[in-house]
Amino acid sequence: MTRTHEHRVQIYYEDTDHSGVVYHANYLKYFERAREHMLGTQELVRLLEEDGVGFVVYKAELTYKAGARFGDDVAIRSTVELESPYRAVFKQDAYRRDELLVAGVVQLVCVDAQQKLVKIPDTVVRVIDG
Amino acid sequence: MTRTHEHRVQIYYEDTDHSGVVYHANYLKYFERAREHMLGTQELVRLLEEDGVGFVVYKAELTYKAGARFGDDVAIRSTVELESPYRAVFKQDAYRRDELLVAGVVQLVCVDAQQKLVKIPDTVVRVIDG
Amino acid sequence: MTRTHEHRVQIYYEDTDHSGVVYHANYLKYFERAREHMLGTQELVRLLEEDGVGFVVYKAELTYKAGARFGDDVAIRSTVELESPYRAVFKQDAYRRDELLVAGVVQLVCVDAQQKLVKIPDTVVRVIDG
Amino acid sequence: MTRTHEHRVQIYYEDTDHSGVVYHANYLKYFERAREHMLGTQELVRLLEEDGVGFVVYKAELTYKAGARFGDDVAIRSTVELESPYRAVFKQDAYRRDELLVAGVVQLVCVDAQQKLVKIPDTVVRVIDG
């Protein structure tokens, strides 16, 4: 398992809805941003362009505890484990200082250009194994 | 439990990402649109404006099977059950014709203007109980 | 010029921001949805898949008069004119009943798979010329 | 007029559409993020919470030259001028290194809790006047 990776998200107008807090679907966006930084954006771009391999979300589970508000600074804290050569499981939580806002588990698999399941590439496995 | 409610979603440019299919977080939006039609938008507006009561997502679980594409006509098929006086559990699936694209379970609770948990309002319970 | 085309948009949670009204960028989404219905979604899909030709926005001008709210039923009223064989100019306004909310002018051009400017396809010209 | 303010935006999956580049409406989001950093997020939060005063977009004009792609690092370069005590005009451009992607002009006004036009607050005028 990796050490905990932290990615900061500032909450803008676009993130909130008329209830005053962040729209619930947006946490999936923040979790994805965090995963991209964790795995390395340029390697993800290279895998897609050179090898036609991309990551897709297979499962996502979210539990909402409290809502972030406009101007908040939210920390996405993530760890990742390989459950098999085909599946990476990310534990991703959104915090406002010490307060857990949203707890998530997101499972990813890799597909090739024909959307066929392929093993998670070695370059990414090495990042995950730390 | 309610009979299955169906809400149709057309997939536009805005819904897709550069992988060619619908961005994974957007299914949470489609599920919410479907729930609003199911429960009655005008009653939800009234509850919020007159009673200060709103629905918030407490848990969401999504399993992704296949991706919808630009121009697709996607059907969100939903049923809902009351698990307690405080919690409504929606089973919501996205279909393209007979093909299941995304299977979801979304749990909702109600909060008042102070974000305190309250019972699900009677007017909504009556809709859920059909 | 075409006769006025009308496309209805219901305002959901996802559309609003914490100020209570629709987030300003979203009107560009509603205008695009309207244009797709106007030109014919299936023909747009065919042009992209068979000919590699897609529409891209070249210019957009928006003037905001009032904000739509959760539960509102907004009508996007659009007309389109060909300014040249390469450019289609859409006048697109968002109304809540008789109240003009947002006035827009959106100019579109076509590009091929190499992002090179091409003439607007005949099948679309015929729709625009009515 | 202020000196040029620069805000960096990384392009994620969520930002792109199936054409492979950033969805056109999203530049309005990036411009808003940049304006918030420029004016000071915490002061904007304070104005809203204590004085009930918020900024709203009155006009936006965008010209699209080229599209940003997944993984790109985009710089939003902004300047702002007060055209009157009621209106701030932002010139905002999106660049990928030296390449201009999108040129924008966004006009903002302030409204109170009743959506009535008010003067731009002194604390913000001081930031704009540099």
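Chains: A, B, C and D, in written order; residue numbering restarts at 1 for each.
Here, a contact is a pair of C-beta atoms (placed from the backbone, for glycine too) under 8 Å apart; a residue touches a chain by one contact, two chains touch by 3 or more.
Every value quoted in this text rests on a predicted model; they were computed, and no experiment measured them.
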Residue numbers at the chain B-chain C contact, same meaning over half shared and different meaning under half, come out as same
Count the touching C-beta pairs: is C-D or A-D ahead? C-D
On a C-alpha centroid basis, what's the spacing between chain A and chain C, in Å? 32
Rounded to the nearest Å, the gap separating the Cα centres of chain A and chain D is 27
When the centre of a chain is set as the mean of its C-alpha atoms, what distance in Å lies between chain C and chain D? 22
Residue numbers of chain A (touch at least two other chains): 13-14, 19, 25, 29, 32, 70
Residues on chain C engaged by chain D in the complex (per definition of touch): 19, 24-26, 28-29, 32, 54, 56-64, 67, 115
Chain B to chain C touching residues, read off their complex: 10, 12-14, 29, 32-33, 36, 41-42, 44-45, 48, 70-71
Chain D to chain B touching residues, read off their complex: 13-14, 16-21, 23, 25, 69-70
